[in-house]
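Order of writing sets the labels: A, B, C, D and E. Residues in every chain begin at 1.
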């Protein structure tokens, strides 16, 4: 049963998350510096500092600190941000929708456009179209996001004034960031789609489909695409981490909140609970992505379904 | 029984000479490869071909537009942009290439060990690797630089770590695939010791795709270095790197766009060339199947 | 006549790994196989795809560990050998593989591939390396000029000859041939078979010859073991003997004669080969057997020589 | 009747408008809450919710008369009890130090409140004028608990919190009842603007483009790099407020060769403040020659102690100290090259400045190797005493910053100079603890400041201005802006352009 | 029914197939034999009009099917023929079915496409055909996925697809090579029955001379992209004219007597890129003379068959 498989896979996430939480905790505490310096201000005394360190338990042995954190985590308590002064869960809840909107749309954009472009470049008989697609696909992954973002703003927001320069209000503000991030993703998806399509085109059964007299479009959409989508889905599912945390630079340039920005800000301020919370969230999302990918594969491919259940 | 077809197809695709010379065979390969060779030469001979000292400031002549004698203009300190772009090739290429070299070495070791020994070790390694692979590379790099401090060395290692997973996965996939090949069994049957199998058969056969993917990753490395530069990490001033230049105060985009447009264009062109040439290499080596899925 | 190889009750189970998601399943790839391989003889093993022929070959060479049973090679208990001793012993027992296309490392030249046995066994060839390579290539009927070629530059038949040269480099006593011609054209198959015949005569080799082609086995071998789903169902001490097991009979019936005048009506077998994972009780062939009786579905027949050569059937022909 | 304002980049990331518990507040806070007193750019104090105040001669008590008729956004009255309820809220917060000297708050009558001090605190008014001492409505404060300042906020200020999207924007709407502005504003009634939106835009060029395209009307804290471009925009005006901080280069006195005071002095003389202001700051802002902003009386030190560019003297000093110029332009002593670490933290303003400093140090034969750290790591470097020179800045318009950066009790960080010295400590103690009133305090801090200057512990470089740009087609912003920062008093006076 | 004349196929500059001719009447089975790479599959692909898939092109010759030349038939019309009047059975049943789709829809597609049936009619037809192919429980089989079935079963499904639209000509490209002998026997028997029952014309491509001997009426022997001999099956086996045919027959172990010896054919099959001049077989031919190296031999009539040899019938 597929459900049974999913259930056990989810169950398996628990021990894995535990080991990951240890790693994350270690990494966070390896960072030089501490959050306290971000709290104290001119006028406070050195004793105030010491008091703060005690208040946040930073003088405790790491093991104790970890156990406290994970213990609270276990009860659904993400802890309280030291510098940002809010419950970590609140901070994540505030930023997550932005990340999901931007990442989700960029994801959808790059999947749809990527699949379309990949399909065109794999099926076209025109060398020119193919090379053009290839160039376009290449271009997407060759410039850093912040750079592309600035150019996009200059052209579409300042010159043409089609979209607002920055902000997160309304759909129009999403267009440019989505395009910026999506552009890089398009390259990846198109590449994978293209290769996968070219591969399945060589399979024996495709020849037999032609021999049955099926028209090309039926073969493409009814048979080739489902095969080509298998690897695309896996790759996309594994990219869930990117959706949530990969948009840092773009968020920065477009002045959007988001999980990535939150993480970077907290990292800069050594706001341990926030960094830990965000990283654990990301790790969970990534594992969930893997899971979704596996389940999607199993759902799409009866052979895998059988092997796994 | 169709292997004849394969051989014939390869012959027809000009399957002659070394892979590199074959990659140079097509006109795209010639252009991309030629550009890369030129770029590497530029980076090597940078001190002799830069018209100005890349660090020499002339505060009275800041933000001068392209013209004579500063062909690509000057930045806010009056430094020659052309000289900095040329020197930047040195930094960006060497950081990226070194990072990828480290990443390949470590990744191959890990991946080969995981693929060869299998079992719990493999599962543990691959769990970690898959997890980091799915993490945005910029986050991995940022966290790593935050831990060991800024500078070219740490940037190099950060990039290496960000791409480690990719090479580990790829190598492991190669090894696992090769392990099933008959010639491995045949060699075991000759009485070969494990290290012979690993060093004389598995690794040499696994290396080509890893190198080619590594070559493609150099492009990604350049972009990642630039992005780290955006966060003020990476090459320390006044050492120029393309990334650092592109992000040297985005204010420059309006005041003196040439300061960040030119390095940006060079990055884009380089990465495109790397990708095109990498694709040609893949074609020349006929390893598309082996690269896929990682 | 001494036995070079004695196989007793050899079994191999492959376990599909269980996990939280599914039950572990065991599959008997080779089940209670016993036979002798006398020195200088050619024993053939026939059976359909998946019946465990290759697994048997690997077990004999200890490329995989048996689940059960004993193996004596030249009087010595193979299963008692340490990995290091085993590595030494491998020089005496070699194998030629089914798929010549992947049997040589694509990065090795022919001469390096042929010299590898010496490197691996840390032995010095009798003569200078180049001469040794030339001699070995000549022995298998290849032009020594091919020594510097890479595998992809030569044909399948040539590759298979290189495989044989490699296997013979250390002068083994036993050569296990796992469908050495299955992926080759008939004309090349004929070349290889005649080469093998000649080598056996010249070098006094002992062969275990595995094939799914009954006519080839009958042509080439002295004795035949017929396998069905991991078990030996019939052991024909002479290739001309008529079949006693219904499965062997079907196998013989299914082989066409290359002569349009010998056309006959084929009575095809009905039924499917059962899955090796959940074998029904009794004789594995019972479902397809025209002679099956009730006992066949309850009791597994054992190999017995009552009334002729050894056969595992409740109701032999 | 609306305006959109973009925060300065230093103000980003506030997660709450709770002035009592927050450690990070932005300009919008000052629109929600009023303070007892206000401070003007000349550092003088002005009445606001307190109409007058009186300090006892021994400094052990302060009495404030409060303005009448002030109400909180929730309609409750502001009176002495509001103050008495508010001060204790600071206990156990990170901001407790602001009221640490207040022993008790006594309600004298409805509009008179008295602070009983545990020690004299001449700096009390400064603290009371800070954003952290905007006064929240006690009832709402207790009722909302942790959510105060996030989901809602109640103060007496000219604007009410309407919506707060953390990290994105804050929408404030006019408090129509407002009639108690300080004398720093022209407009004594309710604000002209019905609504003000504050936006967080981390990237400065994006913020600039927003101003250009009308996405924001006012840009706070425009980096100096942008001034030139802004001047080219016809519809943009820029107002420069005197800044409240100094960019400087601390010298680690424990790290050779800077344990030699001559080398330290020479380093200071190498820096050409005027050239820096002219080149990378386009002449905006002022050179800094000592540690305090020039509007503070303590900055007015003996001119001989000011640090000014003098290459000849610097070279002479180095030669004196045994550092001889080598052929490659770097000085050498006993086979050691004069090569030093120059740290700074990320942020373009520092990296540019550091690169010029590096070039200027080269002029005296000192090779400086730059490393750019993030702010947390660089503090760790300081604490681990791994630094030599650093380029940094502070933003603080009070002379107690001297204690902060040079007290022997804070070695490493904030005392980046790693300086500790008996005389210095004595002067510090006098300035910090023995000043009974502001005159004494000024004199004591000036003496401390002069002593610090004599030790060559740092190199002053630049006094930035705070630049505020606005779209002249949209709004009129009073010029000059009064107060130390862009705050409620200015927003009250902003009108919408026709 | 089907007549192929002087067929030549090229991939870019190389021509792996040239001078292939044969004809096929209704109800006849034609065997095409030859070793790997001799161009058997290319011939099949040419007939099916599937060459463009792999980038090949017919450069000369004609393929007459029912009076119409297929070589210049437009694609839409060809599509009607394929799966309709021309059925194809491919070599490897393991990979010939779409692994992601259930069996039912894959077979249904043919009837829906060529017979214009709706879903339920098509399914009924599928079940009926599966039944005639002696597949047990055809109804449940329709809901199975390919990987759940054995190779022999899959090959029957492929045959069912080829038969669904009642074709006139069936092209079977090595239909049994990947199968076990017992299964091979079943499939061959099945094809044989079908030809008889439905009066089909069958092109049976194989490299196994025994299969040809068992089933075919006529045989074409191919070598290095050329048809070098063709004729009635008895003639080919009794009195092979071309030295290659003779040698090929000599390579098959009869398995019955001990005194025969296999020798094989010395040398190797030439590669498309170095097809020899003249008679393609001359470098390996024991009878080769000078002329064989220079001139391509023309077909020489012998009985009902023809052989392309300068010295036909000479004993090896």
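Everything that follows uses one rule, which is that a residue touches a chain if its C-beta (ideal position, glycine included) is under 8 Å from a C-beta of that chain, and two chains touch if they have at least 3 such contacts.
Computed from a predicted structure; not experimentally measured.
Between subunit B and subunit C, the least number of touch steps comes to 1. Interface comparison, A-B versus A-D: the pair with the greater number of contacting C-beta pairs is A-D. Subunit B and subunit E have Cα centroids separated by 50 Å.
Centre to centre, using the average C-alpha position, subunit D and subunit E are separated by 89 Å.
Note: centroid distance subunit B to subunit D, computed from Cα atoms, is 45 Å.
Residue positions of subunit E touching 2 or more other chains, listed in rising order: 36.
With touch defined as above, residues shared between interfaces to two or more other chains in subunit B number as follows: 1, 7, 146, 149, 231, 250, 253.
Residue positions of subunit C with contacts to 2 or more other chains are absent. Remark: subunit B residues 1, 3, 7, 10, 181-183, 185-193, 196, 201, 204-205 touch subunit C in the complex.
Residues 13, 15-16, 21-24, 94, 96-98, 123, 127, 146, 150, 165-169, 199-203, 205-207, 209-210, 212-213, 215, 374-377, 379-381, 394, 396, 398, 400-401, 404, 409-410, 413 of subunit D are the ones that touch subunit A when the two sit in their complex. Those residues of subunit A that touch subunit E in the complex are listed here as 203-215, 223, 226-227, 300-303, 306.
Interface residues of subunit C facing subunit E in the complex, by the touch rule stated above, are 48-49, 155, 157-158, 185-194, 212-216, 218-220, 240, 250-251, 253-263, 266, 268-269, 272-273. By the touch criterion given at the top, residues 58, 61, 63, 86-91, 94-95, 97-99, 101-107, 116-117, 119-121, 152, 156, 163, 166, 170, 183 of subunit C touch subunit B in their complex.
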